[in-house]
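Scrolling down, you'll hit the structures one after another.
Same chain, two partners: chain A is paired with chain B first, then with chain C.
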Partner chain A sequence: MRVAVLSGKGGTGKTFVSVNLACAAEKAVYVDCDVEEPNGHLFLKPMISNRTPVTVTIPEVKANKCLGCKRCVDFCKFNALAYVLNQLMIFPEVCHSCGGCILLCPAKALIKSERKIGEIEEGQSGSVSTLTGCLNTGEESGVPIIKGLIQRLPDADTTIIDCPPGSACIVMESIRKADFCLLVAEPTLFGVHNLAMVYDLVKLFKKPFGVVLNKCLSGENPAEQFCKDNQIHVLAKIPFDEELGSLNSKGLIAVREDRLYQVLFKKLLEGITKEATS
Partner chain B sequence: MKLIIPVETQSLNAPVCPSFGRTPLFVLFDTESGKLEFLTNHAAESEGGAGIKAAQFIVDSGAETLITYRCGENAAQVLNAVGIKMYKAQDGSVEDNIAKFKSGELSPLTEIHAGFHNHAGIQK
Partner chain C sequence: MKQLLILSGKGGTGKTTIAGALVKLSECHAFADCDVDAPNLHLVLAQNSTPIKKDYYGLGKAVID
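On to the complex of A and B.
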């Protein structure tokens, strides 16, 4: 079973929920798709066994073959090429790796070349196997890294996919192969706005889903009201607990430290399994 | 000497356009013959890399000097490859800037920014 954990903004508790869900399972795979700032490793502290570079294809010019026809320059929608002083200039960071220029070149002066944009780390933390996507600073898009992560998803185990915040391309890529989407929401009006974004997304993708209400205080909870109004199943409520803050600040995992949270997350995992398989 | 300047409208009284890559027009001015030409900047509609395309356009136009408020690093790389000189535009019309350039009152553009790349909110 593959569970994607997502939210409309950062800081709602995606990583907290993902890491604890993975640790509540007997055996699990934790996949950090938040490639711009992966932080599940801060809690799981995995032993890294393997690092695989992730590359994108960019053109490289064989200068002696280039006719200077500028067909590639005119073709590129992102203007990743320029031709000045009888020389082709290539701007790798601007290139979107469509490969069109290579196909189009009448002199076959452009060839494929690989550019590293990040890597995937494989590791182990107790009963949890980890896959972490790391995008190099300054890179435009993490999608190729997420594609690499999703290709590596195992079939059998309980797999928890910690998604990037928001509802853009990188999130869509992260939830594509998920059997269930778990939406983490904060108890504020702003939290409702962000919940609505991911709610729209999972409906669009026709994924089974449920909500975890995080940081719950006594009194009104606009996110809970939103779930009621839209008949969304709330699978768990996590209190705004000082102890959690203290554990998190030390990089400790609640499920591994506190019996109460072990029960809470085991129940949540059971609830998800039931919903995902029904 | 051929001068090129980004400009909002087809007039020498118009101010210099604050955008380089996405200026609607360039004015190409020959300081010797006084010949004047307004050229459409097709880079303005680009999905990305507008600066690179605009720089390519400037190179192809045969201009030797560019007066602009700003220029990104990719565009600067193209312009520098051909040795096009860049001067920092001053507030006022295109005509004022040409006059100031002629009298040596414009200083070379030294700060090259890292590019806005869809972050400036002025591109689409």
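On to the complex of A and C.
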């Protein structure tokens, strides 16, 4: 079973929920798809066994073959190529790897070349295997790294996919192969606004889903109200608990430290399994 | 024109809250919410007038000749 944990808003507790769900299972795979700022490893502290570079294809020019026809320059919508002072220049950072310039070049002066944009780390933390995507700072898109992570998903085992915030390409890529989407919501107006966005996204993808209400205080909870109004199943409520905050800030995993949270997350995992397989 | 940029790396640290407060205090002439995936600044800075919405276009779409 593959569970994607997403939220729209940042800082609602995706990584906290993902890591604890993975640790509540007997055996699990934790996948950090928040490639711009992966934080799951700060909780899990995995022993890294393997690092694989992730590359994208970019053009490389064989200057002695270039005729200076500028067909490639005119073709590229991202201006990744320029013909300056009788020389073809390539700007790898803006290239979107479409390969069009290589196809069009009449002199075959452009060839494929690889550029590293980040890496995938494989590791182990107790009963949890980890896959972490790391995008180099300043890179345009983490989608190639997410694709690499999703390709590596095992078929068996409980797999928890910790998604990036938002609801754009990078999130869609992360939830594509998920059997169930778990939406983490916090009780703020911002939280509700961004919950509504990911709610639309999982409906668009026709994924079974449910909500975890995080940081719950007594009194009104706009995120809970949103779930009521839209008849969304709330699978768990996690309190705004000082003890929990203290554990999190030290990078400790609540499920491994506190019996109460062990019970809460085991129940949540059971609830998800039931919903995902029904 | 002086431009002040607010950023954080991690989500939920308070970028929008700080930005909202500074927009009010500075009485600035313009502000921009660049969190286009999940914009929230408009929720704190409720406008008095109805905003003008314009479609935004990216690159052209392929057509069959």
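Just so we're on the same page, the second predicted complex is superposed on the first by the 278 of 278 C-alpha atoms of A that agree within 3 Å, B and C clash if a C-alpha of one lies under 4 Å from a C-alpha of the other, contacts with A are read in each partner's own complex, and residues count from 1 in each chain.
The working rule: contacts are C-beta pairs under 8 Å (C-beta built on N, C-alpha and C of every residue); 3 or more make two chains touch, one makes a residue touch a chain.
In this text the structure is predicted, and so the values were computed from the model without any measurement.
J.: If you stack the two complexes on chain A, which partner ends up touching A:Pro208: first (chain B), second (chain C), both, or neither?
T.: neither
J.: Under the stated touch criterion, which partner chain does A:Gly100 make contact with: chain B (first), chain C (second), both, or neither?
T.: Touch status of A:Gly100: no partner.
J.: Between chain B (first) and chain C (second), which, if any, makes contact with A:Gly8: first, second, both or neither?
T.: In the superposed model, A:Gly8 contacts chain C only, not chain B.
J.: In the overlay, answer first, second, both or neither for which of chain B and chain C A:Pro239 touches.
T.: neither
J.: Touching A:Lys77 in the superposition: chain B (first), chain C (second), both, neither?
T.: Both: A:Lys77 reaches chain B and chain C.
J.: Kindly classify A:Gly271 by the partners it touches after superposition: chain B alone (first), chain C alone (second), both, or neither?
T.: In the superposition, A:Gly271 touches no partner, neither chain B nor chain C.
J.: In the superposed arrangement, which partner chain does A:Glu37 touch: chain B (first), chain C (second), both, or neither?
T.: second
J.: Touch test for A:Phe91: chain B only (first), chain C only (second), both, or neither?
T.: Once the two structures are laid over each other on A, A:Phe91 reaches chain B alone.
J.: If I apply the document's touch criterion, which positions on chain A are contacted by chain B in one structure and by chain C in the other?
T.: 77
J.: Residue numbers of chain C touching chain A in their complex, please.
T.: Of all residues in chain C, those touching chain A are 9-13, 16, 37-38, 40, 43, 59-60.
J.: Would you pull the chain A residues touching chain B in the complex into a rising list?
T.: Where chain A meets chain B, its residues are 73, 76-85, 87, 89, 91, 94, 96, 140.
J.: If we count contacts the way the header does, which residues on chain A are in touch with chain C in the complex?
T.: 8-12, 37, 39, 77, 165-168, 186, 189-190, 193-194, 197
J.: Note which residues of chain B are touching chain A in the complex, please.
T.: 43, 46-50, 52-53, 55-56, 59, 74, 77-78, 81-82, 117
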